[in-house]
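The two complexes that follow have chain A in common; it is paired with chain B in the first and with chain C in the second.
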Partner chain A sequence: MKIRAIALNTFKEATRNKIYYLLIFFGVFFVLSSKLVTLLTLGDKVKVLKDLGLASINFFSVLIAIFTGIDLVYKEIEKKTIYNILSKPVSRSCFIIGKFFGLALTLFVALISMVIIFFLFMLLFSGEFDVRILVYFILLYFELLIITSISLLFSSFSTPILSSVFTISLYLIGHVIWTFNEFKDKIVNPIIKTISYILYYILPNLEKFNIKNSIVVNSDLDSSMILGSICYAIFYISALLILTILIFNKREFK
Partner chain B sequence: MKAIEIMGLKKTFTSNFMLKKYNVLKDINISVEKGEIYGFLGPNGAGKTTTIKCMLGLISFDSGESFICGKNSRSLEERKKIGFLPEHPYFYDYLTAKELLCFSGMLFSIPVKKVKNKAKDLLKLVGLEGKEDLKLKKFSKGMIQRLGFAQALINDPEIVILDEPFSGVDPIGRKELRDLIISLKNSGKTVFFSSHILQDMEMIVDTVGIILEGEIIKQGKLSDLISHSVQYYEVVFKDVDESLLKSNNIGFKLKDNNYITKLKDFEKLNYIIEFIIMNHGKIVSVIPIKMSLEDIFLKEIKG
Partner chain C sequence: MKSKLFIFVVVSFILAGVFQYDYDSHINYFSEKNIFVTLPKGKTLEILSFGFKNFVADMIFIWSIQFYSNYSLMNRFEYVEDIYNIITDLNPEYKAPYYVGSWIMALELNDYKMAIRLLQKASKNLNNEWDFDFESGYYAFKYLKDYKLAEKYYRKAAGKPGAPSFVKRWQAHTVYMEDNLTYAFKMWLEIERGAKNKLEKNSALNHLYQIKFEIDKNNLEKKVELFNQRFKKRPYNLEALKRKGILYIIPKDFNGDDYIYDFKTGKIKAKKVFRWKKFS
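And now, the complex of A and B:
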């Protein structure tokens, strides 16, 4: 009940912020305007439409994931509203978990509104409904949850600007880290090799959640791989939340 | 069993840069009886807020102990018994007054239905009737303070801890809040509040603790602290011949045709009164001038 109260309050706070709607609006705007781009292209127009639609939803939902988490935790501490929570019988872990679920709900609503518009638009334009795209969005949602947990971790001890920089860096690294896979085996120096192994497994591998290529080339989806990615996300998020709680437990509120 | 007991509390802050240490709380010993109003008095920066934060587990401390009803005050279990109003409270300004109280109640796991009724009563109690559905964005400073008070009572706490409850509240509001604090006491609750507004404190507290530079320098019943301290008697009289006063070595001041004289001891007071009456003078008033909390406070602080 306490977690639910904090989660719902977080959701309320996020959704009473204009920036939240602005980002959703832009997502939708770019989905719709991808129609314009198809006028200029030759070849497979439906493919272009899908491509641009997915890219814009991806971009704007990631922005929401990075910034709402940081903004909300920072404000809570800076404006001292957190005193009203932690002076009550609410443990700090309860606070973090409540925040996480609130952010998860916020992201869910943002994503689903863009996705619904995207599908309506696709139906209207091409008359097709591609279930694989739905799977793409489900995986994207898990990626967003990882990103928002990362932002929660950083904002539990650092300033909003640093948190944004760290989170964005990890997001970018997360999408190229898979190229590291073969490279790390070729390293000869044992120390550097160990470090690269550790980094490879600690840093988030966000390409696991990107199935855009198989959608674009119309190949079948590998269901065991998808399940694996979801398990990876759940495991990774739990680890991040535990770490955040450990740090947050030590934090002093001045 | 004491309602609140703090023993040997020490706290240092370390600045980030030079790793310089600030001894903010040096030795805090506080003991609050059940059912009393305790005033925690001290100048700016003395460590009042820091003490309260240590007590509630918002910050850590170096050594010492802090108990609520005999148990560790920082445990979640004990916090169910506490209602707390932070210094300069700030609440989510996108909520309405009712929403805030419901949110607060839910953090105590109070059923929603019960909280809603309670919220209504409390808003009435603190004089915010009819403001239930107003967004906090539109609240004035004093209104926020009152709302903070209401939110501190949502769990029907045994112990109410208030950090500067009167700041930003107008004189009428202060009177209302004082009455509210007294009514809390009458319903059996313990109230611990910090303030530097001496008049408010003098009017309602049972016990005061004076904190200065991180140390409790005086603690005791207000009645004891003040009654020991009749400083002098002020006698106002008239219709006595001035030369008579001078020849009898009686010092005086003239004000609006009245003579005023100040006397330290009781013996002399009786002598003067007799003297005035024998000489056909008229007594206007005899006032024992007591030490006010302010005098005690200033005396303690100046050493």
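And now, the complex of A and C:
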């Protein structure tokens, strides 16, 4: 009940933020403007339409996940409203979990509004409704939840600027970490090799949620891989939330 | 104060416009020039795209279309293979860059080998698509006149799912052009037997006629030459070859008609003439 109240409050607070609407607006704007870009291309225009639409939604929803996630916890501390919450019978873990679910709801609403416009747009211009794209959006949502939990972790002990730098860095690392598999055999030093392996498994692997290419070129989707990615996200988010709670519990508010 | 500021803004815009006009009058945007393009390798760009590799591939592809439409860039073809390799490394299943890239390479640059390299990359990455091999075969056939190579690509294309029947006919025609007449005859006979329409049937019958004629012509002209060596004169007609025991049966054309023998030259002709080899 307490978690629900904090989550709803977080959602309301996030939706009052102008940046939230601005990012949704730009997401929708770029989806719609992809039609103009197709005028410059040759060949499969629907493919370009899908590519640009999915990339726009991905990019702007990641920005929403990073900036709303960072802002909300820090704001509570900065404005000292956290004293009011924590002075009531609300545990710090409840606060963090509530914040997370509030942000998850905020992201869900942002994503779903962009997705609806994307589907209507695709239906209008290509006449097709590819249900498989929904699978991509589900995976994107889990990726966004991981990003949210990362930003929540950093914002629990750091300033917004540092938190955004850390979160963006981890997001970028998350999308290039797959390259480790291509050079891991070349690492000779056993200590470096061990450290590399530990980092590889600790750092988020976000590329597994990126099935844009399979969706766009209509190749087969591996259901076990999708399920595995969702399970990975659930465990990774749980670990990050527990870590955030541990750090947040140790924090002293003056 | 407000009206003064408004006038200032208007005057500033007008002056900016004047300077832009002056700048444009000194520059010819369409003058011939060289350009330097630098792009990282496809693999590097894939890493740097941070999960947006399809988007990056689309953007480079769209840029390349505008780039290769600009005829004032004199050295634009220096990068053509690199650019299309980058796009197709980023998004190997994206068909359009393979087509557009190979058209630019073949039809503008006239580098058919380069076009074939890109098409073969497409054939490898999109294993079930027949048209990349077919197009490779066409460039090898039409421009490189390398019938052996063309036949290899047509054979590859014909073996892929969904390949239309004309691919097999192109392959058979290429085998004929290669002068592998016995194999070509066998292939066309197979096509004739499996023909589903009049066009296929007629095409096969014409080829069978021509191939049989070429086989018989070679054989008959050799026998005429043998006759000439033995009797110091050419036979008056083909029956003479049979009478002198040089030939047991006088072959007829595919329609069952007699060949035309020219006593003066010793050459054999058929009633129908198909000049495929001459015009290829």
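Everything that follows uses one rule, which is that the second predicted complex is superposed on the first by the 253 of 254 C-alpha atoms of A that agree within 3 Å, B and C clash if a C-alpha of one lies under 4 Å from a C-alpha of the other, contacts with A are read in each partner's own complex, and residues count from 1 in each chain.
The criterion applied here is as follows: contacts are C-beta pairs under 8 Å (C-beta built on N, C-alpha and C of every residue); 3 or more make two chains touch, one makes a residue touch a chain.
In this text, all values refer to a predicted model and were calculated from it rather than measured experimentally.
In the superposed model, A:V109 lies in contact with neither chain B nor chain C.
In the superposed model, A:H175 makes contact with chain C only, not with chain B.
Look at A:L203: by the touch rule set out above, it reaches neither chain B nor chain C. Of the two partner chains placed around the shared chain by superposition, chain B is the only one that A:K2 touches, whereas chain C remains out of contact. Of the two partner chains placed by the overlay, only chain C lies in contact with A:V216; chain B stays clear of it.
Judged by the touch definition given at the top, the superposed model places A:V46 against neither chain B nor chain C. The touching residues of chain A, counted against chain C in their complex, run 37, 40-44, 47-48, 51-52, 54-55, 58-59, 171-172, 175-176, 179, 206-207, 210, 212-213, 216-217, 219. Those residues of chain C whose C-beta lies close enough to touch chain A in the complex are 47, 50-55, 57-58, 61-62, 65-66, 91, 93-97, 99-100.
Interface of chain B with chain A (complex): residues 53, 56-60, 76-77, 79-80, 82, 84, 86, 88-92, 94-95, 103-104, 106-109, 151, 155. Within the complex, the chain A residues that touch chain B are 1-2, 4-6, 9, 12-13, 16, 79-81, 83-91, 252-254.
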